[in-house]
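A short worksheet on the structure shown next.
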Amino acid sequence: MKRVLITGAAGNLGTAMRKKLAGWADEVILSDLNPISELGAGETFVQCDLADYDSVMALVEGCDGIVHFGGVSTENTFDNILNGNIKGAYNLYEAARKHGIKRIFFASSNHVIGFHDREALLDAQSEMRPDSLYGVSKGFGELLAQYYFDKFSIESALVRIGSCFPKPLNRRMLSTWLSESDLAELIKKVYAADRLGCTVVYGVSDNPSTWWDNKHAKFLGWTPKDSSEVFEQEAYLREEVVDSSDPAVRFQGGPFAKAGHFEDD
Amino acid sequence: MKRVLITGAAGNLGTAMRKKLAGWADEVILSDLNPISELGAGETFVQCDLADYDSVMALVEGCDGIVHFGGVSTENTFDNILNGNIKGAYNLYEAARKHGIKRIFFASSNHVIGFHDREALLDAQSEMRPDSLYGVSKGFGELLAQYYFDKFSIESALVRIGSCFPKPLNRRMLSTWLSESDLAELIKKVYAADRLGCTVVYGVSDNPSTWWDNKHAKFLGWTPKDSSEVFEQEAYLREEVVDSSDPAVRFQGGPFAKAGHFEDD
Amino acid sequence: MKRVLITGAAGNLGTAMRKKLAGWADEVILSDLNPISELGAGETFVQCDLADYDSVMALVEGCDGIVHFGGVSTENTFDNILNGNIKGAYNLYEAARKHGIKRIFFASSNHVIGFHDREALLDAQSEMRPDSLYGVSKGFGELLAQYYFDKFSIESALVRIGSCFPKPLNRRMLSTWLSESDLAELIKKVYAADRLGCTVVYGVSDNPSTWWDNKHAKFLGWTPKDSSEVFEQEAYLREEVVDSSDPAVRFQGGPFAKAGHFEDD
Amino acid sequence: MKRVLITGAAGNLGTAMRKKLAGWADEVILSDLNPISELGAGETFVQCDLADYDSVMALVEGCDGIVHFGGVSTENTFDNILNGNIKGAYNLYEAARKHGIKRIFFASSNHVIGFHDREALLDAQSEMRPDSLYGVSKGFGELLAQYYFDKFSIESALVRIGSCFPKPLNRRMLSTWLSESDLAELIKKVYAADRLGCTVVYGVSDNPSTWWDNKHAKFLGWTPKDSSEVFEQEAYLREEVVDSSDPAVRFQGGPFAKAGHFEDD
Amino acid sequence: MKRVLITGAAGNLGTAMRKKLAGWADEVILSDLNPISELGAGETFVQCDLADYDSVMALVEGCDGIVHFGGVSTENTFDNILNGNIKGAYNLYEAARKHGIKRIFFASSNHVIGFHDREALLDAQSEMRPDSLYGVSKGFGELLAQYYFDKFSIESALVRIGSCFPKPLNRRMLSTWLSESDLAELIKKVYAADRLGCTVVYGVSDNPSTWWDNKHAKFLGWTPKDSSEVFEQEAYLREEVVDSSDPAVRFQGGPFAKAGHFEDD
Amino acid sequence: MKRVLITGAAGNLGTAMRKKLAGWADEVILSDLNPISELGAGETFVQCDLADYDSVMALVEGCDGIVHFGGVSTENTFDNILNGNIKGAYNLYEAARKHGIKRIFFASSNHVIGFHDREALLDAQSEMRPDSLYGVSKGFGELLAQYYFDKFSIESALVRIGSCFPKPLNRRMLSTWLSESDLAELIKKVYAADRLGCTVVYGVSDNPSTWWDNKHAKFLGWTPKDSSEVFEQEAYLREEVVDSSDPAVRFQGGPFAKAGHFEDD
């Protein structure tokens, strides 16, 4: 890769990937609403509001690839989601179309399918059932990406990220955990593939318990190496009390599925 | 029905349904951006921009049901689509949640699935493949409706309307034509059903050629009575020249699938 | 048909079918726990407890076909269900095996699948989800029939009867109604078919609303002629008040799915 | 249609279709190994061995469409099948490619799927299970047509003809009967369609009993009008003795599935 | 686990699991028709006929979990199966309902699906095709468990145990073998899961050859560790003579599928 | 194995397997159009044109098993394909039928399904979409094998070989590579299985990227041990330039799918 854009570069995932992907590309353009002070070799920072069309056009020009973590990454007001995830996604894909970017890594979310029962095994063809406005907005992004592929041949990996943290924060994440290393490896595979199409990938490590089957993305050759198994016996996970009839336990989206409307809280 | 809201009441579908549904409800609230001058018995007009949250809240209060034709109904600029179909849909569902509306007839569109080949037989579980920004926005509306059903138990009919005109305007519409009478009957069935859930219905008459199978909505008891067969021999349809390799013929979305980006035109 | 056995002949279905099938077979053996006093031409009555092995052996001998309505036909105590539907079904199939009966019409019930949602379209391959001990016992009968087919080549029609009454008794039955004439015609088709296998058939008329698809039984050539549509406008059906969130409305089994354990009542 | 080629024009289907399709095309080229003496208006006869490459090249030149009934139409020696159905099909598709023919009506056969059980409901995606060398050769033709579509965009209707006779000749044909009128109408629909793709169609009338579901060809708008129901009560059908365990009754291919190897007979 | 009931504790599986699960629960109640003389730490024995309602009620009271191996575990007379597996299962689930037990490990059997061909890959949604009265009775138990889940929210693991012996006894068991360690681990996973639902699990180790896919139970996080591969080269397995057309080889149920009716033997 | 026939024994696969399978059978009959000079212990060479019926009859007599690599193994003229792959396959299966051979290893090819997109995950039930006349001829062989199984109980492994070379020759083969050792092991498994049926197996090693799922052949117990991963970093693979919109990259068949008609080249 010569020149890669990472949006949302100041967020958790962006920050983690900057380190993991060091050396992968000659130049890395980092963008975020928030400033990033310490830059590594080859890194450039561009402050950018993804909701601003002209800024995004300028940002994208000249890139070979885009790793899109930008926008709102959890439940929020509709206005914030509209700006970050709906206008933001549109501006990004339009900029890609106008500047001839061929392939986008789109960070979608498991909250696109969060209202499925935990006993359901999902794959890339499962019905979307978002558990939040956030999940709806990520579903919008997936539909938009499909449209730009079918009409303009821009390829996308629609990566429904589970829970990407250094370690699982609760029992639910034993099933949804994605290690930072596995995510970094997936990003590389997405850009190394001879052909990507518009492909849904569940961003999840090789955990003993899983709700998601990546069979439709096996052509990518991504094989997660980490597993939540090493955390299973940790006290904070063993001692967590769960009730199997709690909506946060019944549904894949966990607390997102249980929560009421955001404004209510 | 005591009091029904029809949004987009000044548009083609709204106007046609006002006549067909006359007498169905005691009161009919008509809303549109454009004024409606001649009102029938029981009809009240409220001018309303669906993108305006407070106006929509006021509009919806006190209704038993909503027939939602409002918003942009064809390809348009992203700004217009954002206002009419994305903010508009959110405002409507939020208003329904706050005011306790239980059931919504949501006019979605075949352009949600317009990038499927014509030889593909689709049903309610087929993958969404929008053919336009308009189609993406209707897909957003469907996801939003699913979310409000899963979380707040608001039922929706997601009616992917084919081509609702007095008669088919071109050969493609021989397969996609929906008569106004069949549409009116569907609206009645949606509100007569003991249970609706969140159900995709293809809005299409009983045409000889069809690309869509409504088997998952058979519980509704809707049986379209009209057929495009009576128009098949009309000269303007017989004489239309088509090329089977033309994208407008290959894909279900027809000219929407063939068109470039809206701004390009 | 030369000699046909009808079990449960004193019950509602048995009584109705005796009339509808008059003349179909040369001899009709009627069996029931309860006596039948008035016999028609060619009819013979044999009082028989299906739970009694020896009685059933004697009853079945010499028959060409069996129309099995016998046993308990609604929710009941487990003891009664055990005797009528579990021992009863076993004794009947054993007798068929020992006496060389080749084909059985087995009256199963929609309550075998009563815990599916009404929006689900079921077919012969849908998962069994019984809504009652009665439904479980009918599921047992279906498994037993499959076993006798796979091992001993005894063919069965497993007819999941909806609601067979002169007219629908409530709104739910608009979807589940089976006319007596359509049932009689189905019985004839089952015995006229060149091959039956072990086939699930939903016993339902050609109603506008349906939850069941008989596509896997199309080889039988059974085409129901009646429809509940003629009853739709009757006052007692229009005036029935339903709540879409009531378990009796949500689930296909209706009140069976809603009811608690039989002993509780 | 300006100029249509009908191969196998002296056979049963060819002869019947010549009459039914009179007037459909301006010119009809009839080809067969056997001579045809009486020609109608617009008909021209060309004697042709489909196994002869040069003859087929000459035959096809200048045609708008091809209705291909030629080749062996029942079980036969492998040599005959090789010449008529394998070399013949290849020569025909090659000629179509070289002369720019866009669309072919290919008479395939139900014997391509004859080893499925009668209780199985098949559609266009069901596995091929030929019941004879004849069936294998028709399967070869279908694969060849798919290849010429995928690589050279030549469209084909792969019509798995059931039993096309003036009336059903035996009980099996109550399920497989195709009236000559329905076949003629299908041929017209195949050439009237705006797009055909490479589509499997089961050639069967609207019989009460059927083993085949044409749902994947609904886009064609073909609706068979005839039914074997009118023949059901004929004595020769009622009196036919069948044994449900006979392979000719168990399998869809009937006597083809039961027969041993052709040379054995 | 505080207090666990193991039924059938004197049988093969019960005996093996007592050892493997030592220390898992504070108290283990062992029940069986046959006496158990030597008790380990925390073990209590209660002699109990599962067909006796009152005894089962008393047995279950106060338990946190139930591991149900009790009843008849191979083909037998219908009377024995009725008592052990039908009355027994009902009494157990009724006792669970009355005493508030939330989760049951139900030992079902591969003989529930024994009439599938060996080339068929089954999963939790495959059709039940029992190969014996024993298999029918286990199917009854699965339906009953589903009913108690849908109506009373009692969760069950329906474990279709393959062949649980110290080593495979014949060639068929190379595909069906379940090691005792893998079974013990599965029991623990069933009780460790945050949510279980009513889930079919094939009880089989990680053998090279398998007929069963546990994908629908991947959420449990059970990963069998043993494999029959280590036994493949043993002389008694290499020297076993098999005939691929033998029903005991063709069907998954092996000798159960081949055997005639139990009374015949 | 006592006596095994390997056809196409002078070709690449035949030569490689002769070495890998040394010692597997007591006697190995090698056949090819081309002579083989150096024979190993137990090897006999018979020159044979598979298109010649009598020669094949003589060749097959007395064998226990057949490993069929013979015929044309890449795109060629139709005449050559007709002789090698169509007549050749027929002669071989006829010889097997006449001489009582029970089981055949049939080397089919991934070019039977080469017109599927690379993002599609195929299994044994996926539609055949050949990418060449060669692929069509292999599809013919598969249908023929299915017919001989359904009618004459001759079992076949239909092995859709990917790319069997010492190492991947280009980037596409990173997904399709089959090591010689894995192929040899598969041949042994095919003959060691208690039952084979007529089973499609994708002949591919355990590569990180794959387009094919062998789940329906898991009963065979074949577990490939090699992986193309060890070659991924080789310079000639890293430096290969690919274009994701090139038909040779879009379709699984690679250059076969892209190529025009053979005669054109």
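Going in written order, the chains are labelled A, B, C, D, E and F, and every chain counts its residues from 1.
The working rule: a contact is a pair of C-beta atoms (placed from the backbone, for glycine too) under 8 Å apart; a residue touches a chain by one contact, two chains touch by 3 or more.
According to UniProt, the chain labels map to these proteins: A, B, C, D, E, F = Putative epimerase/dehydratase.
What you are looking at is a predicted structure, and each value in this text was computed from that prediction instead of being measured.
Peer 1: Could you tell me which chains make contact with subunit A and subunit D both?
Peer 2: B, F
Peer 1: Can we say the copies subunit A and subunit E touch using the same residue numbers, with more than half in common, or are the two sides different?
Peer 2: The interface of subunit A with subunit E is built from mostly unshared positions.
Peer 1: Higher C-beta contact count, E-F or D-F?
Peer 2: When D-F is set beside E-F, the one with more contacts is D-F.
Peer 1: Nearest whole angstrom, what separates the Cα centre of subunit B from the Cα centre of subunit D?
Peer 2: Centre-to-centre distance between subunit B and subunit D: 41 Å.
Peer 1: Roughly how far is subunit B from subunit F, centre to centre by C-alpha average, rounded to an integer in Å?
Peer 2: About 52 Å, centre to centre.
Peer 1: Graph shape for the chains shown, where an edge means the two chains touch. Line, ring, star, complete, or other?
Peer 2: other
Peer 1: Per the touch rule above, enumerate the chain pairs that touch, sorted by label.
Peer 2: The set of touching chain pairs is A-B, A-E, A-F, B-C, B-D, C-D, C-E, D-F, E-F.
Peer 1: Show me the residue ranges of subunit B that touch subunit C in the complex, using the header's touch definition.
Peer 2: Contacts found on subunit B: 102, 153, 155, 193-197, 199, 215-216, 218-223.
Peer 1: Considering the complex alone, what residue numbers of subunit B touch subunit D?
Peer 2: For subunit B paired with subunit D, touching residues are 117-119, 121, 171-172, 174-175, 207-211, 213, 242, 244-245, 249-250.
Peer 1: Can you name the residues of subunit B that touch subunit A in the complex?
Peer 2: Listed in rising order, the residues of subunit B that touch subunit A are 78, 82, 86-87, 90, 94, 97, 115, 125, 127-133, 135-136, 139-140, 143-144, 146-147, 150-152, 257, 260-261.
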